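Two complexes come next, and they have one chain in common, chain A, joined by chain B in the first and chain C in the second.
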Partner chain A sequence: MPAGAPQTDDLGPWTEKVLPTTLSAVRQTEREVLGLLCDLGYDEDHLFAVRLALEEALVNAMKHGNGFDPERSVFVWYRASPERVEIRVADEGGGFDPDTVPDPTADENLERPCGRGIMLMRCYMDRVAFSPEGNEVSMVKHREP
Partner chain B sequence: MDIETRREGDCRVVTLRGSADINASASLRETLLGAVEGGDTRIVCDLSGTDFICSDALGVLITAYLKARGRGGFLYLAGSHDHLNDILETTRLNRLFRIYPGVAAALASLRE
Partner chain C sequence: MAKPNEIVRVGEHEGVKLIRLGSGAIREEQEVEAIGRELLALTAEPGQRLVLSFLGIEYLTSLVLGKLIQVHKRLSESGGEIRLADIHPRIYEVFRITQLDKLFKVYDHEREALASFLSDAER
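Moving on to the complex of A and B:
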């Protein structure tokens, strides 16, 4: 279990999930998070953005972080209000430096089949930050009025 | 996600309906790469019924595109709209793929 489970503040308590490193867990987690946001009145554009970013973060955690090792888990925390949603995803891998990921939008990288996950997370969420080790990502999406 | 394929002349139209998410990527890979490796190198991918696409599925499209191109063929995208177009623009993959408003337009371009 990664250290530093998020603290509670004005947004209320976090919901915590411990996922097996299996891709089938991705869709179920998305359903739960999006269901919460739907109940809070988030529109389709916001739901799409959060779904995409969450999917990318979870797949990265399972694939690159945990190496699809079934003995490892992915940890997810999320909480939301009508104004914003916060999500954290952590894996049990050794971490990485997200700044070393090549820019997938550069001409020389367009034909690469991988490497777009982090860029999509950053484009579709309002804030994306990695832990110093690189094995935990936190994301925030604000719901404009 | 449902994947259907059909022939239109000498083209293979691959229609994706639903979400091209991580769970659908394996089927998409099998269908598209299987088509190319089976000799179908002229492919139109119908995205008009696709409501979501993840980076893994984008990677499958790119791989299939490169394989088709390497064999003298092509892979066009057709019918993408709304969020999918945003993703294709954000990733600049609209510079890599030819994107048509629909399958009919893609097929018509081949007759020009």
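Moving on to the complex of A and C:
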């Protein structure tokens, strides 16, 4: 794996998945993560937020990271408690600098068809961080009382 | 107007095309591509006026937003326009966050969106 499995702490062990670069694998992973959050009692707003951020991260990894190369994989780790969920997604691409992605809300970029995924991840999750190499993103969402 | 299982259903009201989407979530790649393809096909005739109803749609991603922007640009170039209606509050929030609510005119109900085009035409 590109970055190694994350360390375990108070949230317990991570569930680890290696996905083929196919969009059907996105759906399956979403079902698993959302199923876990449903069991933990997360409400519809949280499920919507996590689903959106997870899908944007996975599609970015497959499309921009792996270039839809079927020989490359996407790596996912997730874990959750009733208080928060943590997700990490890594790809086998060369990485990117998120600071160079144009602001999609700038007037001159509003009509660009791409570039909103990272923004949505940042808006819907409480913490989003990219690895220095830019090929792994970690996200945290807290469940408010 | 529609076969119940179609992803995109198109009707017409006094020259304005009304598009409804299959209910649920727009998530499968084939669905996104089909919607984009069908919407772009509707832009082939210059100056088209389209109303897209999101009734029953509770989830979408930036892939769909990209398709809508393509349709918007194509229509703008030919003097047409697409207006949106019946957007679930959670999805409207996605439009608001990405500020696409500045690019698209959004109405609570499809009848209001249709009426807006007709009232524009009377001016």
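In this section, the second predicted complex is superposed on the first by the 145 of 145 C-alpha atoms of A that agree within 3 Å, B and C clash if a C-alpha of one lies under 4 Å from a C-alpha of the other, contacts with A are read in each partner's own complex, and residues count from 1 in each chain.
Criterion: a residue touches a chain if its C-beta (ideal position, glycine included) is under 8 Å from a C-beta of that chain, and two chains touch if they have at least 3 such contacts.
From a predicted model like this one, the values you see are computed outputs, not experimental measurements.
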Clash-or-fit label for the pair chain B, chain C on chain A:
clash
Pick one for A:23: touches chain B only (first), chain C only (second), both, or neither.
both
Touch test for A:113: chain B only (first), chain C only (second), both, or neither?
both
Touching A:38, do we find chain B (first), chain C (second), both, or neither?
neither
I'd like to know which partner A:129 touches here: chain B for first, chain C for second, both or neither.
neither
Across the two complexes, what residues of chain A are contacted by chain B and by chain C?
23, 27, 45, 48, 51-52, 55-56, 59, 104-105, 110-114, 116-117, 119-120, 123
Quick one: in the complex, what on chain A touches chain B?
23-24, 26-27, 45, 48, 51-52, 55-56, 59, 104-105, 107, 110-114, 116-117, 119-120, 123
Residue numbers of chain B touching chain A in their complex, please.
21-23, 52, 54-56, 58-60, 62-63, 66, 83, 87, 90-93, 95-96
Of all residues in chain A, those that touch chain C in their complex:
23, 27, 44-45, 48, 51-52, 55-56, 59, 104-105, 110-114, 116-117, 119-120, 123
Would you mind writing out the residues of chain C in touch with chain A in their complex?
27-29, 58-59, 61-63, 65-67, 69-70, 72-73, 90, 94, 97-100, 102-103
